[in-house]
Amino acid sequence: MAERIWRVYLAGEIHSDWRERIENGAREAGLPIAFSAPVTDHAASDHAGTGTLGEEASPFWRDHMGAGVNAIRTQTLIRDADLVVVRFGDKYRQWNAAFDAGFAAALGKPIVTLHDTELDHALKEVDRAAQATARTAEQVVDVLRYVIEGKLP
Amino acid sequence: MAERIWRVYLAGEIHSDWRERIENGAREAGLPIAFSAPVTDHAASDHAGTGTLGEEASPFWRDHMGAGVNAIRTQTLIRDADLVVVRFGDKYRQWNAAFDAGFAAALGKPIVTLHDTELDHALKEVDRAAQATARTAEQVVDVLRYVIEGKLP
Amino acid sequence: MAERIWRVYLAGEIHSDWRERIENGAREAGLPIAFSAPVTDHAASDHAGTGTLGEEASPFWRDHMGAGVNAIRTQTLIRDADLVVVRFGDKYRQWNAAFDAGFAAALGKPIVTLHDTELDHALKEVDRAAQATARTAEQVVDVLRYVIEGKLP
Amino acid sequence: MAERIWRVYLAGEIHSDWRERIENGAREAGLPIAFSAPVTDHAASDHAGTGTLGEEASPFWRDHMGAGVNAIRTQTLIRDADLVVVRFGDKYRQWNAAFDAGFAAALGKPIVTLHDTELDHALKEVDRAAQATARTAEQVVDVLRYVIEGKLP
Amino acid sequence: MAERIWRVYLAGEIHSDWRERIENGAREAGLPIAFSAPVTDHAASDHAGTGTLGEEASPFWRDHMGAGVNAIRTQTLIRDADLVVVRFGDKYRQWNAAFDAGFAAALGKPIVTLHDTELDHALKEVDRAAQATARTAEQVVDVLRYVIEGKLP
Amino acid sequence: MAERIWRVYLAGEIHSDWRERIENGAREAGLPIAFSAPVTDHAASDHAGTGTLGEEASPFWRDHMGAGVNAIRTQTLIRDADLVVVRFGDKYRQWNAAFDAGFAAALGKPIVTLHDTELDHALKEVDRAAQATARTAEQVVDVLRYVIEGKLP
Amino acid sequence: MAERIWRVYLAGEIHSDWRERIENGAREAGLPIAFSAPVTDHAASDHAGTGTLGEEASPFWRDHMGAGVNAIRTQTLIRDADLVVVRFGDKYRQWNAAFDAGFAAALGKPIVTLHDTELDHALKEVDRAAQATARTAEQVVDVLRYVIEGKLP
Amino acid sequence: MAERIWRVYLAGEIHSDWRERIENGAREAGLPIAFSAPVTDHAASDHAGTGTLGEEASPFWRDHMGAGVNAIRTQTLIRDADLVVVRFGDKYRQWNAAFDAGFAAALGKPIVTLHDTELDHALKEVDRAAQATARTAEQVVDVLRYVIEGKLP
C-alpha cells in the first residue's frame, strides 16, 4: 500500500533561502512530502502577465494581468495542499503572504507561520489563524516530521 | 415587501475617517445598507483578550488571546457580508486587512479595495481578487449606489 | 407567521419588456415574490466602471472595470435567489445570460429559461440544466403561481 | 515522488484546431498536463441522446436527451479540472461555452478565455470572471508553462 | 427579540390527512412552525408541466415537464427546511418520498419518517438516515414540541 | 500520463443480472471504468448488522443495525462516484434505490436511471433528476462509451 | 435598519446555573443576543425518545431514540449559531459537550470554552479549536459584549 | 484497474492495543485499507508543541502549542478518511475522542464507535451519530470486511 504523500505549500517571502532549508531538511529526514510554492523568480513573477499574454502600457493593468496568471498557480496549489506554511520576512509589505493565509484559513487548511518575534504584534491575526508559529526553518521541519511520523527531534 | 438590506463589511485601516465618509455618503444617498466593521478602537482591540479573559504576562499569548476574541467578530461579520470593502492606508503593515481579503476571496465574497496608487504594485494580488479598486471613499459610495440602485452619480 | 417571500432573479435580455410582464403578472396574481435583476439601463451598465471608479482609456479595461462592478450586483443576487429565470432574445450574443445560467446551475439553483423555439438547438445545454423552458412571460408567471401556490391557471 | 499532473479542460468552439495547437504546444514544452474536452465530433454530439437511448421524434426532446448525455461528460470533467480554458470563435452562438464558463466560475475554478478582440465587449462578463484572456493558442501554452513551471517563453 | 420560527417540510403521501393532523396538532400546541409541502392536489401536480408550459403529446415528456416544475418547489423548500418529515402510506410506490429523503439526507437535514411497522423492512435504509421513526401524526407533533420547547407530552 | 478511470456506482435492483451485463459490456468495449455497487447478496445484506455486531432480538433494530453498516459502504461509494446508475425492477418497493438517487442528486452527481416504461409515471421525479433514462443495460453501456470516448455505437 | 441579532448556542453542562448567569449578564448589558441551548431538563432529555415515539425495552435503543430526537434540536441550533459556548463542569463525562465542540469546529463556527483550570490538560484539543477559553460566566459575557459592541468592561 | 484503497482513521484511546488488533485483523483478512491515527506515543504527543517550536513556561500555552501541532495531523487525516473508528476506554476523560467524532460527523464521515456497554448511556449522542457501535476490535474488523468485500465472517 502506497505511503501517504503530504502536500505542503510554502507561501510568502521569496528573497531568502527558507524554502530550500525546509525542503532540504525534509529530504534529509526522509519525509514523504510534495512541496509546492508560488513562482519565486521575482522578475518572472512580475512579468507573468505581459510575458505570456502580451504588452500592456498601464502599470496597474500590467500588474493585474500578472496577478491573474500567478493566481491560477497559487490558488490551485493552496486548494490542493494539506498544509500551508507562510513565511514573513523583514522586508517588503508581503500582503500577498497574508492574503494567502486568509485564503487558506477560510478553506479550513492548517497553517504554520514562520517569522521573527519582532513581527509578532503585527501578525497576531495571522498567527491566531495558524496551528503553529515557528521561528526557524528547522522548527518547521520538526513540525512536519512530528505531524507525519509522530517523532520529536 | 421589504427592501433588500445589503450587508457591507468595512475591513482594514482604523486610523483615518474612511468608514465615516462611506457611511455618511451611503446615508445621504439613502442606500439600504447595514455596515459592519472590526472594532476600530485601537486600544480596546489590543486589549480584547486580557480585557475580557484575564491577565497574561507573555506578549505573544496576550496578542493571541486578543486576536481570538477579535476573530469571533470579524469572521462572523465577513461570512455574513454581501460585500467586503478593504482599505489599505500608508502606515503600518496591515496584514490583517490582507488576511481578511484572502478570507473573503476564498468564501466567494465580492471585494472592493480602497487605496492610493503608490500601493498598487504591492497590492496587486489583493486587487486582482477584488471586483473593483477605488481611490476615494466617494468612489466606494458610487459603486455601492450603482450596485444597489443601478444609478451612476 | 410571515408568508414566505420567494426571491426570483430575472437574468438576460434587457431590450424588451419581458421583466415588466412577469412582474406585472405576478403582482396581479398576488404572488409573494421579491424580484431582482441586473442593471437594465444599457448605457449605465456599460459605464458602470468608469462612471464610478474613474476614466480608463483602453476599451478592454473599461469593460473589465464595468463587468467587475456589475458582477458585485449580479452574483450577489443570484446567490441569494430561490429561482433564476434566464431570457434569451433574438438579438445580440447574450453570453452573459448563458454565463449566469451556468453560474446558477453550479450553485444548484433552479432555472427557468425563456426563449423562442428557433433558439432551441443553440440553447440545448442551457435548457437541459433548467427545470423548465417557457415561451412567453405569461408561462413564467404560470410556473411561479404553481410553484408558490400550487394552482394552475 | 510523482510529478503533479495538471488537469486542463478545453471548453468551447469545436470548428477550428485550437485544441490541437494547445495540446501540441504543451507536449513540445514537456508540460505534465492531462487535457480533457467535450466531445468535439459535431455530428456525434448532436446524436448523443438518440444514438444511445433510442429514437425521439421531437427536435426539442432530441436535443434535451443529447444535452443530458453530454452534460455527464462535461460537468464531470469541469468539476475535475484544475483550470478551464474557454474558446469563443467568430461563428455560432456558443452559449454552451459561456454556460461552461459560468459553471466553472461558480465552482471557483480558474478560467482562461481565448478569443479575438472584436468579441471583447460581448464577452466582458466572461473575461472578468477569468484569470486571463488570451488571443492565441500559443499564449495559452505560455500561460500553462508559466503556471506549471514558472518559466516565461 | 423574535421567537425562532422552525421550518418543517412535510414530504410524501398525498392521499391521507396526515399533514392536517400534524399542522393542527402543532397549532393547538402553539408551536412556532412554518410548514411547507409539495403540491398535494394530485391532479394539479400531474399537470404541473402541461398546465403551465403548454401541451405535450408524449407521456414521458409530459411527466418530465411536470416533474421539473414540481422540483422547483420541492427542492427549494427542502433546502430551506430545518426538518423534513417523510410519510410513507400503504399505497403507491412513493419513490418521490424516498428520493426526497435521500436528497435531505445528503444535505445534512434531520429527517423524521412516519409509517406503519409493516413497511419497516422495506424502509430500513430510509429509517436509518432519519433521526426518528414515528407511527402516528401525533407522535410527530410530540417530537416537534420536544425539539422546539423541550417538553414531553 | 495515466488514462482517467471513471468511477460508476450501480445502485438499485439486486435480483437480476443488469450489473453483469453493464460490466461485461463495458469490458468488451474496453472502457476504463471502476464499477462499484452495494452488497448484492440479499441474505448477507439483511444480516449486515447482526452478522458483524452481534445478535439483536427486535426486527426493527436488527434492520437498523444492518442499514447502518450498509450505509458505510453505499454512501462512501456514491460520494466517490463520477456517475450513479439507478436500476428499478418490477418487484419490491426499492425505496433504497430512490433514496440513493436523491442522495446522489443533492451531491450534484450525474444520474442515469434504468427501468421499463411502465414505471415511467411513478418514477418521474427520479427521472427528472437524472441526465438520462435508459431501458436496457446495453443502452447504459452505450451512454458510458459515449461519455468516456465520445463514440456512438 | 434592524440591529443585528447574534445567535449564541450554549452547549454542555446542565447541572449548574451558568446559562442563566450568561443570559442575565447579557440582558443587563443590553446585548442583542438570541440564546439557544439543548434541552436542559435532564429527565426530559433522557426520555426524549420514549416520551415521544413510544416504549422501548432495550436501554441501548432507548438512548438511541432519545439521542436522535435531541440531535434534531442540537444540530439545527448549532448550524444556526454565530457562536457556540461550550461549558465543561467537574462531574460526568460530558462527551456530548466535546462532540458538539467538534461538530461546531468542523462547520467553522467560532467557539468559546468555559471551564476551570484543572480541566485544562484534558481539554487541550477542544480549547485549541476555540477562539477563547473563559473561566467564569462573567468572562463569557465580557467576550460577548466586546464581540458585539466593541466595548471592554 | 487498481483496487480501491479504503482510508480508515482510528481515533481515541491510546493506552490499549485495540489499533493493533484491528490492523492485524484487517491484514489477515487481506483488506485493502490504509489506516491512520493520531500520534499514539503519549509522551511525544504531550510535547508536540515544545518539542518542535521551543520552550514555553505556562502549562496552558504548552498544551495549546501541542494541541495545535497535533491538530495538523488529526484534522488532515480525518478529512481524508472514508471511515472514522472512535474508541472509548474506561480511563481518562477522552474528550478529544468525542471531539473527533463530532468533527467527523459534521463532515458527513461515517463513524464506528467501539466501547463497552457500561459507557452506553454516557456516549449516546456519539453512538447516535455513528453508523455502528462495536464492542470488540474483532467486530470492527468484521464491519470493515463486510463494508469492503460484502462478506460476513
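Order of writing sets the labels: A, B, C, D, E, F, G and H. Residues in every chain begin at 1.
Definition applied: contacts are C-beta pairs under 8 Å (C-beta built on N, C-alpha and C of every residue); 3 or more make two chains touch, one makes a residue touch a chain.
These figures come from a predicted structure and were not determined experimentally.
*Asks:* What are the mutual neighbours of chain D and chain E in this structure?
*Replies:* C, F
*Asks:* Where centres are the averaged C-alpha coordinates, which chain has the largest centre distance to chain B?
*Replies:* F
*Asks:* Report same or different for the chain E and chain G interface, where same means the shared residue numbers exceed half of all residue numbers found there.
*Replies:* Copies use mostly different positions to touch.
*Asks:* Using mean CA coordinates as chain centres, what's the chain F-chain G distance in Å?
*Replies:* 40
*Asks:* Which integer distance in Å separates the CA centroid of chain C from that of chain H?
*Replies:* 49
*Asks:* Quick one: report the Å distance separating chain B from chain E, using the average Cα coordinate of each chain.
*Replies:* Chain centroid spacing, chain B to chain E, equals 42 Å.
*Asks:* Return the residues of chain G touching two or more other chains; collapse runs of consecutive numbers into ranges.
*Replies:* If we look for residues of chain G contacting two or more partner chains, we find 68, 71, 108, 133.
*Asks:* Which of the residues in chain A come into contact with chain B in the complex?
*Replies:* For this pair, the touching residues of chain A are 59-60, 63-64, 66-68, 70-71, 88, 92-107, 117, 120-129, 133.
*Asks:* Inside the complex, what are the residues of chain A that reach chain D?
*Replies:* 5, 32, 34, 36, 39-41, 44-45, 47-49, 51-54, 65, 68-69, 71-73, 75-76, 79-80
*Asks:* Spell out the part of chain D that touches chain E in their complex, as residue ranges.
*Replies:* Counting only chain D, the residues touching chain E are 58, 61.
*Asks:* Considering only the defined contacts, which chain E positions touch chain G in the complex?
*Replies:* Touch list, chain E to chain G: 1-2, 4, 6, 82-83, 108, 110, 112, 130-135, 139, 142-143, 146-148, 150-153.
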